[in-house]
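Next come two complexes, and both contain subunit A; in the first it sits with subunit B, in the second with subunit C.
Let's turn to the complex of A and B:
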């Protein structure tokens, strides 16, 4: 027992030293740009090659779009698993929500939260943000509604079957965009090469397939995470 | 220079928040400390010029994970009281 404690202490000490060393190696926030060839290439040619001014979105949805497809698949599988686990739990009728003050406050801020989420999804290729971040904000709005107004009201506004359909059709939209590249003679998930609208970099209608993929990911993540919350909050059968 | 000082303070605060989160006996307080940790990390991401990561950290860490943890805690508590 005592030996185990000493071993744990040594382990923690070594780990702490390693982490402190790593933090000391961090560049200061002033030294902005890494000098590796890949970084220089993406910063130099990213806007020309993808039409997106947010280079993070350019990497996520053009250069490395296949990885994003993998991540979306992981979320899809996780949501399907949670929904399956809680499938037989019926909705408990007692969830009536909070006081009138909370309800009126949500009435005021709710539309703004919705617009913020949609803005972050739609402008993902221009400014920081993107499908995932905006989608989580939209899912958080449904969580707020189900806490403040009660689960019945949220279920009336957004039927779980509608959310499932939304998530699946968003996944289909992603795959359709991906296969447009194949059928136009380019590669899977190719962007401007497949003839998507380039537009003027910096305007909303630009960046080829990137805004489309952003909307697909945003709807998928939003509907999926809302489904996860809904499935978890439903009452177990007594 | 000022920015470096702020970053150092935030890094120390990050460790403090993490230590607080694991030292509480009450899980509810731990979840709150965890969301403070997430927000601090989001501010650090912004200072390190990664606003995309900061946005994801803020909405997931402080919003979604918090909500899911609170639901889980309230459900498991109800079961413990029923026993």
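Let's turn to the complex of A and C:
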């Protein structure tokens, strides 16, 4: 055991020295790195071509939206795996939750958490944020409810089947938006070219399909992570 | 060494995570180590795309030079999501292992398997 620790420490020391040498080869932090033609194009024309002022959202949901579809599939696979693993674990009946103080406090902050999550989802194309980040906040709300009110109450409020349906319909919304591009004579996941509402860049109703895709991803991530947490905390009966 | 502070933090996080993975025998701690390593890697990606004085890639009414490259940011977001998915699967497997063997220590699991 002790020998293993010493060996690991030496290995990591050697690796770190090698990495220091490798990083020293990178452009030094004082000189400006010249950006690639692709980056210059996105920074120069991104707002005109996508209608979104948040260029990270423009890359995620317009230029590389196909990548994001794959990402959503990875989440779907992970959620499916976790749910499958705990499928036969029934609900533990003795989850009664915390004290009345905690319950009333959650009643007060719960709506604000929900609004914060929805805000980050809906404003994802004009300010930092987006479907993934907002979806995680929405999932946090269900985790708070299951801790404070107990798992039974959370299950009564948000049935797992409802969450599954929400996740699947969000995936369907994403695919519908993607196929609008095909049927309008453009390409798969085409944005403004497919005739989505351009709006005035910087306002909420702008950016074509990007807000729609953000909402789809937000619901998908929120419902998916809520399902993951629900499946994990379900206990087998003693 | 002339490396900037962010790179030292990257190396520290990466080394700490790897040390944790190599020496710990508790499965939960190994999962934590993998996540620490991932944090170092994500910081490396973000730091690589940044030059001093760069602004966040949010375009206002006036767009000037010195905007950070948005592509690595999007890639980092993808990496975070994949990391979260793999962590969820990892923890689920650890829970199942605990229910089956009654421990999360790999040495004990190894002795129980024989």
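One rule holds in what follows: the second predicted complex is superposed on the first by the 209 of 238 C-alpha atoms of A that agree within 3 Å, B and C clash if a C-alpha of one lies under 4 Å from a C-alpha of the other, contacts with A are read in each partner's own complex, and residues count from 1 in each chain.
Keep this in mind: contacts are C-beta pairs under 8 Å (C-beta built on N, C-alpha and C of every residue); 3 or more make two chains touch, one makes a residue touch a chain.
This structure is a prediction, so every number in the text was calculated from the model and none was measured.
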item: Chain touching more of subunit A, residue-wise (subunit B, subunit C); value: C
item: Contacts of A:77 with subunit B and subunit C, given as first, second, both or neither; value: second
item: Which of subunit B and subunit C A:129 touches, first, second, both or neither; value: first
item: Touched partner set for A:107, first subunit B, second subunit C, both or neither; value: neither
item: Touched partner set for A:64, first subunit B, second subunit C, both or neither; value: second
item: Which of subunit B and subunit C A:120 touches, first, second, both or neither; value: first
item: Contacts of A:11 with subunit B and subunit C, given as first, second, both or neither; value: second
item: Which superposed partner A:143 touches (first subunit B, second subunit C, both, neither); value: first
item: Which superposed partner A:159 touches (first subunit B, second subunit C, both, neither); value: neither
item: Residues of subunit A that lie at the interface with subunit B and also at the interface with subunit C; value: 23, 28-30, 32, 54, 56, 128, 130, 132, 225, 228, 232
item: Partner subunit C, residues of subunit A touching it in the complex; value: 4-5, 8-9, 11-12, 15-16, 19-20, 23-24, 26, 28-33, 35-36, 38-39, 42-43, 46-47, 53-56, 58-60, 64, 67-68, 71, 74-75, 77-79, 81-82, 85-86, 126-128, 130, 132, 201-202, 221, 225, 228, 231-232, 236
item: Residues of subunit C touching subunit A in the complex; value: 1-4, 7, 10-11, 14-15, 18-19, 22-23, 48, 51-52, 56-61, 63, 67, 69-71, 73-74, 77-78, 80-82, 84-86, 88-89, 91-93, 95-96, 99
item: Partner subunit B, residues of subunit A touching it in the complex; value: 23, 28-30, 32, 54, 56-57, 120, 128-130, 132-133, 136-137, 139-140, 143, 225, 228-229, 232-233
item: Touching residues (chain side subunit B, partner subunit A) in the complex; value: 3-4, 7, 11, 47-49, 51-52, 54-56, 59-60, 63-64, 67-68, 71-72, 75
